[in-house]
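Both complexes below contain chain A, partnered by chain B and then by chain C.
== the complex of A and B ==
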């Protein structure tokens, strides 16, 4: 232990860095400085985790890091491996109880994210989210309390040993079953699996753009990663299969894939539609976990990555499109929005194709892995999973493609400026916000602004006065869009090495 | 597909669907559909009633089933207090037998939460901090919020302010006198509990709660203007964030040295003395400050929307 490589400090550094970064925020009066520091912390954490990942992949090991002077059963320890480093989350803390505390941090912060924009609808969504979230946390805490009662441990390692011993001797079978189901249920509620998804679309539909990007891209995944860790390090996949918990997950996952997509089909609000699509994608992940094979779990892990890259892009581009369409998220107002913000339009199309599972995009390999996993499973699961995949893919295409067509439609006919009716109103003043690429459309913008209702003139003037600042914002927006598209292609084309890292990580869990 | 005008959409409902216009009804269509809509609404309300009729009994049944399940499980778990329960393992044994030697704290609980498992306590303090921040985002009245207020809200605000001023002038004499005598003792007792956290039962969390309650009493009895003299938003921010940052800094040092098997260089002192047990005393003080500020902050934000 004395020649511990310096890289092993990195998870500890990233945790402390993020916490200290958050705590020091109230000292900055200037929001921009705070934002920059925030970005700095995020980048630093990312770099640290990436270096750690490179090191761990090259040596092929995992490690435990003592938080303080006391070794495992008495003090806290952090465990790191390729899987954790890859997920680059803070859910790599070994002790079950620490895990719980950090979920709470996540919940509260996420609720604050949802309500960060004011308004009645948002508050209702936040309260619903809070109640569901607390229900999930409560179930999970109950499970951990019971588990502590029958094992006397809170540490994943010791818990695993005791549980395996109990399973072998047949002691405390009923409490153990209840613990398994209650913790699973709690985490399912928190990650919005199908029957417990009701809070998600509302929270997304009324949240700000970046909050929903973070919420669906990262927050939901945190709980799933925690569940994967619990599956391998506390329980064991065989035990879960014996208790039919994986079967339940498979059924719920398949239901979520189809019902989520069907509900998305009904939505006429782009963000709510994307949120329902998230419900379906969460279903994919749980279906992979429910397949009860290593490749199923790997496919689920890969889908966490690909969905984590794609969904924030969809939300951000939807926000970008809405910004140039009167801040409306309704499909009818988004018609032709992609012409006003081309990059957002491209990003939305890329995201949609990825969600459908077109080759070269990130969604394709995960669907490929899911079907491979299905083929490797037994005769009962094989047809269920394959049919669910096919139906869900078709439904994905059904609700994403019309939106793509809609946003890329030409807004007006070449001669249609004068009598375009309501469309001119909708295409109106917000075109000013469109970024630099739109310079060519300058004339059109001017013409359109003549048709604006009187009430909007003030808003347009306000936005004109801020016109100098918009290129900056759109630079950030452009950068993030390009980065997301690049990530999507990277995952879609170079999935081989990532799969290898995941396999190594799961083996070392 | 090229001409997206509404009258064409009638001919091609798919185009309208793609455009997201299926909910945007033309006048003529509206008239035809009004009848349908009325029917639908009735259906929905009936469905709604039925749903609500079922909803409550189902909730009760589900709750009862869950309670029964949990009671059943509790019967199956090892009984409380038996000597060979799984919870009486080497972990608890080490805390009890070597806790004093390892941490230098006569209060084993303080030794556990602030030394053995200080990382968890750091997380808990961060949760408190995040909660306060969320409440501030929601409830604090700032300039932006005042701009957004409507006329009616402004009137209500003004009336509330007047009432408060009246209250300030006619405070209850009994409350004032009694709390004038009690409050210093409450605050002193809180400080005592925080400072003696490592020696006797108590510590940052309980002591901080006592101090917070004392502050709330002062604010109730003498009005928020009196507490504002020494405790405004700036002080609140500085104390909360400063205490948390100091906690994090101390623990970072301790975690780092611990994981590299180095000594911290802080002596444990004589067990039982006020200056003993290494980092536990300052950590208790920081936790006490955070908890006191959080309690008072919650009270103040929920009752007045400002600190």
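== the complex of A and C ==
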């Protein structure tokens, strides 16, 4: 390990950088300085991980980094591969932009209003989140303790070896089943899989815009990535299938896809609706894992990425729309909001179309891969997954498109004053006409907004002078939205290379 | 019977884990939830600490006996895990209690159901107020 390439140090640098950055935050009295340092740390980590990703993809290897040059049983190890590097890079990008928007929105003084308005509710939501999260970690920790008890190891490599040995000789079948179920259950609770999702919409409904974006896009995914790593590196997919854990995941995933969408359909609050949509999307990911084939896992990983760039965009644009509608997230107040903040409106439409799975958007390839995975699976799973995909897609369209139409509706239109049910019925019908138009429109604005920074200030000043209630679209918000839309198209069109990286990463896990 | 006597700690920690878990999940009183959390965590630590120790061996610290072999020591990792866990659960408990205190100041009760009810009523009242203002 003496002639180790320098890039292998990067994961360690990232950890130390974020650790030091986080710990130094309370010492800055001036919030702006702290925010700048925070952005700096995120950008630096993102760049480091991107370089590492490029290096690992070009050489096609994974590595094990020993902390302090202590080998495995004594020292701690960091393991890096294309899969880990790709996820880290994506997380940094999303995190960076979400935080960037937060800074801007914060300076627009929305945050204080939101906090003051919803004090009690926020605390209740936090407590519920805390309790569920603690239950999840308790179960997971118990699983780890039992696993240590059976195998005598805590490192993934040695755990895997011992478990495979035990599975081969048929020892400890019941304890292993218990351990697998308990850790799986713990991580499912933490990642808000369907029956354990109750805390999620409440946490989102009362959180600030950026915290929703990060919570939905990244925090939940962290646990899923941990689960994928455990699936491959500690257990093995075959063993999980043998113990019927993957079947349980498939059933829960399918339930989540349908129940999450149905609950979203009933919501009249844009953030809670998007949160229920997250429940459904988490269901997609677990369904992919439950298919128990390589392509199913790949589809799940791709969905983590595509949902990770789409959902923060939806939350941020919803926040942007609410900012120009008296800080209200109710559908009736958001009517025509897109005309007051065009960029947020376009971003919301792009996000919705991506969630529904229209070609060219990030959601399409992941649905394509899920269907492919379903076709490759056995005769029992095939119809279940395909039907669930079809139903869930239709439901997605049913709850996203009415919102899109609602936010682009002009105020003086005579019909539809607060008639929620009425809009729903027409949603499916209008959909076909609307989405073609709006996709084209989205492209157009997307092109234009590249030149925006120069014209931005002038436009904003113009708007400000005309309507008092319209806050300007800030540079940060504009940049983030354009970046998220660009990421969405990049994933939707250029999914080939990303799939290759993911495949390489999963093979090396 | 021997089984129960030999595995006294494991059985105790499993029972405690169950008690704590159900307490955290089902109790309506927030303070009792916090207590349940601590019982659950402590059960895991008891389990780890017990399984991590082998009678007759000592902690892996190099003392006067420099010739000692690995066989005389216990693995320090479970103990390290327990210590880390204690730190985490202390900070989580502190955060939990701070939130409970804030809720108690606002709603003057510790019952989660009552708090949810009051929050809902408050919301409805606010909505009614807004609507009357609109009108």
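Structural remarks
As a convention for this text, the second predicted complex is superposed on the first by the 417 of 509 C-alpha atoms of A that agree within 3 Å, B and C clash if a C-alpha of one lies under 4 Å from a C-alpha of the other, contacts with A are read in each partner's own complex, and residues count from 1 in each chain.
Rule of thumb we're sticking to: a residue touches a chain if its C-beta (ideal position, glycine included) is under 8 Å from a C-beta of that chain, and two chains touch if they have at least 3 such contacts.
Since we're looking at a predicted model, the values are computed, not measured.
Shared-chain residue A:27: touches chain B; no touch with chain C. Applying the stated contact rule after C-alpha superposition, one finds that A:406 touches chain B and leaves chain C untouched.
In the superposition on chain A, no contact is made by A:51 with either chain B or chain C. When the shared chain is aligned, no partner comes close enough to touch A:43: not chain B, not chain C.
Look at A:16: by the touch rule set out above, it reaches chain B but stays clear of chain C. Looking at the shared chain after the overlay, A:334 reaches chain B, while chain C stays out of its contact range.
In the superposition on chain A, contact is made by A:130 with chain C only, not with chain B. In the superposition on chain A, A:149 contacts both chain B and chain C. Among chain B and chain C, the chain that touches a larger number of residues in chain A is B. Overlaid on A, the two complexes show chain B and chain C touching the same residues of chain A, namely 142, 148-149, 152. Residues of chain B touching chain A in their complex: 1-5, 17-24, 69-70, 72-73, 76-78, 85-92, 94-95, 102, 115-120, 122-124, 126-127, 129-131, 133-134, 137-138, 148, 237-238, 240-241, 244-245, 248-249, 251-252, 254-261, 264. Within the complex formed with chain C, the residues of chain A that make contact are 119-121, 123-124, 126-127, 130-131, 134-135, 138-139, 141-142, 145, 148-149, 152, 154. Those residues of chain A lying in contact with chain B across their complex are 1-2, 4, 9, 12, 16, 19-20, 22-27, 65-70, 73-76, 93, 95, 97-98, 101-102, 104-105, 108-109, 111-112, 115-116, 118, 142, 146, 148-153, 162, 172, 174-175, 178, 268, 330-332, 334-335, 402, 405-406, 409-410, 413, 421, 423. Against chain A, in their complex, chain C makes its touches with residues 17, 20-21, 24-25, 30, 33, 37, 40-41, 44, 47-48, 51-52, 75, 77-78, 81, 85, 92, 95-96, 99-100, 102-103, 106-107, 112, 115-116, 118-119, 122-123.
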